[in-house]
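Structure incoming, see below.
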Amino acid sequence: MPDAETTDTVRIDELTWPELEALTKAGPPVVIIPVGSLEQHGPHMALGVDRVLPQAVAERVAARMGALVAPAVAYGYKSQPKSGGGNHFPGCASLDGDTLVRLVRDVICDFARHGLTRIALFNGHMENGWFLTEAADLALRQMIAEGVSGVRIVKLGYWDFISPETEATLFPHGRPTWELEHAAVMETSCMLHLAPGMVRADLIPDDPEADFPPYEIFPADLRPIPPTGVLAPAGSASADKGRAVIEQVVPDIAAALARAFTE
Amino acid sequence: MPDAETTDTVRIDELTWPELEALTKAGPPVVIIPVGSLEQHGPHMALGVDRVLPQAVAERVAARMGALVAPAVAYGYKSQPKSGGGNHFPGCASLDGDTLVRLVRDVICDFARHGLTRIALFNGHMENGWFLTEAADLALRQMIAEGVSGVRIVKLGYWDFISPETEATLFPHGRPTWELEHAAVMETSCMLHLAPGMVRADLIPDDPEADFPPYEIFPADLRPIPPTGVLAPAGSASADKGRAVIEQVVPDIAAALARAFTE
Amino acid sequence: MPDAETTDTVRIDELTWPELEALTKAGPPVVIIPVGSLEQHGPHMALGVDRVLPQAVAERVAARMGALVAPAVAYGYKSQPKSGGGNHFPGCASLDGDTLVRLVRDVICDFARHGLTRIALFNGHMENGWFLTEAADLALRQMIAEGVSGVRIVKLGYWDFISPETEATLFPHGRPTWELEHAAVMETSCMLHLAPGMVRADLIPDDPEADFPPYEIFPADLRPIPPTGVLAPAGSASADKGRAVIEQVVPDIAAALARAFTE
Amino acid sequence: MPDAETTDTVRIDELTWPELEALTKAGPPVVIIPVGSLEQHGPHMALGVDRVLPQAVAERVAARMGALVAPAVAYGYKSQPKSGGGNHFPGCASLDGDTLVRLVRDVICDFARHGLTRIALFNGHMENGWFLTEAADLALRQMIAEGVSGVRIVKLGYWDFISPETEATLFPHGRPTWELEHAAVMETSCMLHLAPGMVRADLIPDDPEADFPPYEIFPADLRPIPPTGVLAPAGSASADKGRAVIEQVVPDIAAALARAFTE
Amino acid sequence: MPDAETTDTVRIDELTWPELEALTKAGPPVVIIPVGSLEQHGPHMALGVDRVLPQAVAERVAARMGALVAPAVAYGYKSQPKSGGGNHFPGCASLDGDTLVRLVRDVICDFARHGLTRIALFNGHMENGWFLTEAADLALRQMIAEGVSGVRIVKLGYWDFISPETEATLFPHGRPTWELEHAAVMETSCMLHLAPGMVRADLIPDDPEADFPPYEIFPADLRPIPPTGVLAPAGSASADKGRAVIEQVVPDIAAALARAFTE
Amino acid sequence: MPDAETTDTVRIDELTWPELEALTKAGPPVVIIPVGSLEQHGPHMALGVDRVLPQAVAERVAARMGALVAPAVAYGYKSQPKSGGGNHFPGCASLDGDTLVRLVRDVICDFARHGLTRIALFNGHMENGWFLTEAADLALRQMIAEGVSGVRIVKLGYWDFISPETEATLFPHGRPTWELEHAAVMETSCMLHLAPGMVRADLIPDDPEADFPPYEIFPADLRPIPPTGVLAPAGSASADKGRAVIEQVVPDIAAALARAFTE
């Protein structure tokens, strides 16, 4: 459980309202909203990976830079074959795109109405990406309409902050696309480091990369999807590699957020 | 942190997909979705109370009866003065009604599409109630349209299961309405028992019940709202009272669910 | 027919536009919107009770205080077993929650755009309550966006204004919850007073209070629902009791509105 | 007040549920939903004309053919300059198009779910037309999805049933377009016959037809709109002419409905 | 193909962004959005008529007055029996009303956000009319909310600009209603002039006007619909008549737009 | 103008309904819907590039395999800085995500209702991707609800079919990400081949790749965006390269579609 080792004080839902009010007196802190999913992550990882990872990164970034972490959005957009194996796997429970947009838009807007105008969306689920973009855009438009000024929203996926050096450690033989890096070396390593109780280490598969045609079919053609739901080899995952990722991306993300909200 | 003492295995997001598949082979287990809010709970309790309590009850009920607990919905409908103090307090971040409806509808539907057709909504936030009713109704209608049969949804608030005996223990001088029991004796006692780290015990207020006129005004008239945000006396709260509530309602809810899903 | 004895001049739809314009020259009068439903009310009352009662109260309040009554919303949210017997009874025709929200929001907004910024929602149907709250909130937000200032909305159920004295008259042996007071003593008495043509006096049932479990099931479990659709005894209803209610609540509501819109 | 002279028994909201059930035992009667608006109708007629007229026609048609009349929809789509004078006049309170669509769709669907599958929409407000078409189409689609069969919906405007002979009586010098016949001879005559209390006979204007360019501007160009809001001469209106219209169209509409629902 | 003879420079999608920027330096030009449909037009004309005609008129009007033409909306509202033969004909592919509203609203708003605040909607499909009205109204409202001022929208159908003289040429024996003039003399003539490659001249039918009852049925009663889908005689169509229409309406529309946007 | 050289017969809007009916007698042909945008494409290309390219590919693929091309969707999702330069450039006019979803969903559904159940979405605008995925998913769900069987939808971007050999020709020094390949070598080459009239060849920029931080900011940070709106060098573009792309991808896409719709 990643929650156990994190600091309570960065989580908004663990603060009282006067505590939160005191923390925001000097200006709005950055509020990080982790956005995940409930999605299969192979025979070796629990369904909550996409929520656990951005939340753990968020809590560490927040502790480092004085930000706060809002409750995570635990359901995301529908898993797709090429980036998550597909929504047909047991345990996937997903939102329509517009539902996700409205949910994130509403949360951003209501934080902003309360003066918390600096919002960071930490995405843990590839399929959420464009709906978070739309949520951010609609939230800005709504805040303009209501006369709430100064709203700024940053959206990121922690994996995009992995440096070339860390990437070389993770993938000595070359990285698959991030889409295929589903339940594979990077995610498995981070989970082994952050939440080993959610990994069945003896079941980590090491099958080759999935091979999809250059288009998508609806309803999905299940044949190219690996039966495990893992889209790239995970056999070389390790807690050490996970630590390397986290220890590198956390300060880099904190620094990036600091710049993004001050410039 | 209430999570620490619960059993991991009842949480869907801590299962792998083959583990979940194995658990559902003999028929769909009940899936409990806790629905909370991010809402002020006085100077003495953290903002996440309405998510923590139904989740903790859910995990205990699930462990007892072989049910599963889905990730909680951590944001809810807008806090109202008469039942939550009002959405203007720092830290409140709420959803529009239709957003909450769509969110819960989508989650129910997607569980049902995967064969998890027995759903229980555990509400922890008074204001969510009617939107959960609508979510359940729309989910049923959608499942009829898609030809998914056998869907049954139970909606409850754990407080409605408090027996007259337990109520007498909690409120020896009589109970306020459940609407006014916001951040007061019942919730504070349960939190002292389940998640004492989220209670500032030295700050528990004991002000008298709030007194509201028999109508509502929009925008809210802030004058009848107690400055603490606590709507009824909380001074007599204790961990023992909380334990009494939990130990009584958990088996009663488990028994009720067993009946509700088999008859 | 309750319309017959009311004063035409308080109904907006009976005014010409220059008459309305003249009435609003000195500042916006309160505009009352009755919101009802088409819902079974037992073997003894017509389906329109929830529209007739708030409209009749509204017309009397308006006459007393110089307010106006807008056309009633005649359809409401879906009847629920515990507060209305359930939507499966013949003659129920209900709206989705979001439809009701949009309808009332639009009407409020368009009155406000025309300068009629003081709106009172008179609800006659328990199930409408939270959707009216949302309609009021969304209307305010929209008016802020459009730059229409000074909008104030009051929402009430006339039954919440029944004084302890009147209540003792109505319920000498104690009152059921308002949810169960469906087609029972209070509503039947008021209808006998206001619209006796819509009551079949010889068919008034006097069955005991319905007994529901402390949760809801979707689709509804029909077994605990009384076959009549009446949720509490109605046998002691009388036109005199109805007159007592109306004569007490009308001036009290008028006084409350006057305060609510001037403070 | 037109209500006074109509027969109570055709109004669904004046029936108890067992009475309604008995009436539908032999097959679903036609259910007529009058759809009006709250819209200016000149200095001489009340704002509710567009609701009163289709409701009065509906009650007479229903009495003649054994149909039922559902509660009217009292708010309609936004008044347009060329067919209603425009939404800027005092007292106009209108719905967004999608709100009207959803409202009428929901009512049709819920009647149909209860077995009342024969629906007639009686429109009294030109601007509602296409939104009623969409409501009917979406209701049919939804009923197909839910497996409710046999739904048939008829939509009409009573004015389209005025025969050439009656038209010659009304307009001896030729009829303006129905769009311009707003608050003019036809509507005024019908109101003088059906609801004289809602007509200020001494204020009936007789200005010439309004002259609009062959396009529309948003926001509306107010200059071509007659200050009265009346778009064609009304001076020759009379109760006799109104009686002629009603006495001719009522049997013709009843006959048309009988054919439309049996063929 | 009508595109071949039009001037490229009036089409926005054929301009580079610096070219467009240069064209708007002196103030926003009128931007014309043609709105059509994909709908049967008899055995003799292609499905795209309703897009081709308003686009061709738009390009000529734009060239004359210095306006620009935006990409056409190629899909429209559902074909109705009385004005288009009905949506059941092969090749009809239509939008829900709200989809069309949102589409046109979004395009208007985004042009306006970029300073292109003078918008003309050229409708080519009768069924689109009221949804364009709603799109214009909602766009204005949204622009008010966002603080974008000076937005003006003109909506027109080119056929409403046909002069009595031209009409006499087209219809020497009298004009059917514009609703019935579907795929008939006027449209066929214009296509013969503008896009003869989309007309099968040897297949032009000359059947009499369709005869519909004065109401609509859903689902549509197909019996009164001519099997060809043509609602009025087209046999007298000619390219010369089409040229007469185009040569008359283009300057008249250009003049009307110039007035509408300057007054 | 790319239209000039294409074959008329593959365009649905150039067919009459009997012609279309005849073409579909032997089973539904594949219907290709090009989806583009109105978006800046640098100082050297017209705003319509993203519509022109997929439409031209679609017409060639259709001619080769006996498919049909539906009218293009000419407006798309909001241009983003990292893949399109950003929506703030002159001439961008974009849709909200949900609008695009509904538009494409409606078109797919209505084709399918008419028996055209084999749909291919040819996307020309990176930003549309996930909204097309959602449109396809919602269309399938709706068709299931309506009982329309056999619907299959393929979604593709033509650039994903560029072979390694063609890629080596286009990018001898290595390819930027497809996101950055906006208005750069590939698009410019294809336009020089297909629609040279929409390219200002003397203005083709050759600036280096844009350099963005690994996150997004809302409102957009304009500083990293090249002033031209071109995100990668375009200087080496040529009509020959464009021909190479088209001549390779057209048969490959046709073959892929044939497989995708028959397996």
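As written, the chains take the letters A, B, C, D, E and F, and residue 1 is the first residue of each chain.
Everything below uses one rule, namely that a contact is a pair of C-beta atoms (placed from the backbone, for glycine too) under 8 Å apart; a residue touches a chain by one contact, two chains touch by 3 or more.
Bear in mind the structure is a predicted one, so any value in this text is a computation, not a measurement.
> Which chain has its C-alpha centre farthest away from the C-alpha centre of subunit D?
Greatest centre separation from subunit D goes to chain A.
> Do subunit A and subunit F, two copies of one chain sequence, contact each other through the same residue numbers, with over half in common, or through different ones?
Interface between subunit A and subunit F is built from largely the same residues.
> Can you give the whole-Å distance between the Cα centres of subunit C and subunit F?
Using C-alpha averages as centres, the distance is 54 Å.
> From the mean C-alpha coordinate of subunit D to that of subunit E, what's the distance rounded to whole Å?
29
> For subunit C versus subunit D, what separation do you get between their C-alpha means, in angstrom?
26
> Residue numbers in subunit C touching 2 or more other chains?
Answer for subunit C, listing residues that touch two or more other chains: 96, 98, 145.
> Can you tell me, using the touch rule above, whether these chains form a line, ring, star, complete graph or other shape?
Looks like something else, not a line, ring, star or complete graph.
> Each pair of chains that touch: what are they?
Pairs satisfying the touch definition: A-B, A-C, A-E, A-F, B-C, B-D, B-F, C-D, C-E, D-E, D-F, E-F.
> What part of subunit D is in contact with subunit F in the complex they form?
141, 144-145
> Which stretch or stretches of subunit B touch subunit A in the complex?
Interface residues on the subunit B side: 1, 3-4, 8, 11-18, 20-21, 24, 38, 40-48, 51-52, 70-75, 87, 89-96, 98-99, 102-103, 106-107, 110-111, 114, 197-198, 200, 203, 229.
> Which residues, counting only subunit B, touch subunit F once they are in their complex?
Residue positions touching the partner: 145-147.
> Residue numbers of subunit A touching subunit F in their complex, please.
77-78, 80, 96-98, 101, 127, 129-131, 133-134, 136-140, 152-156, 160-161, 213-219, 221, 256, 260, 263
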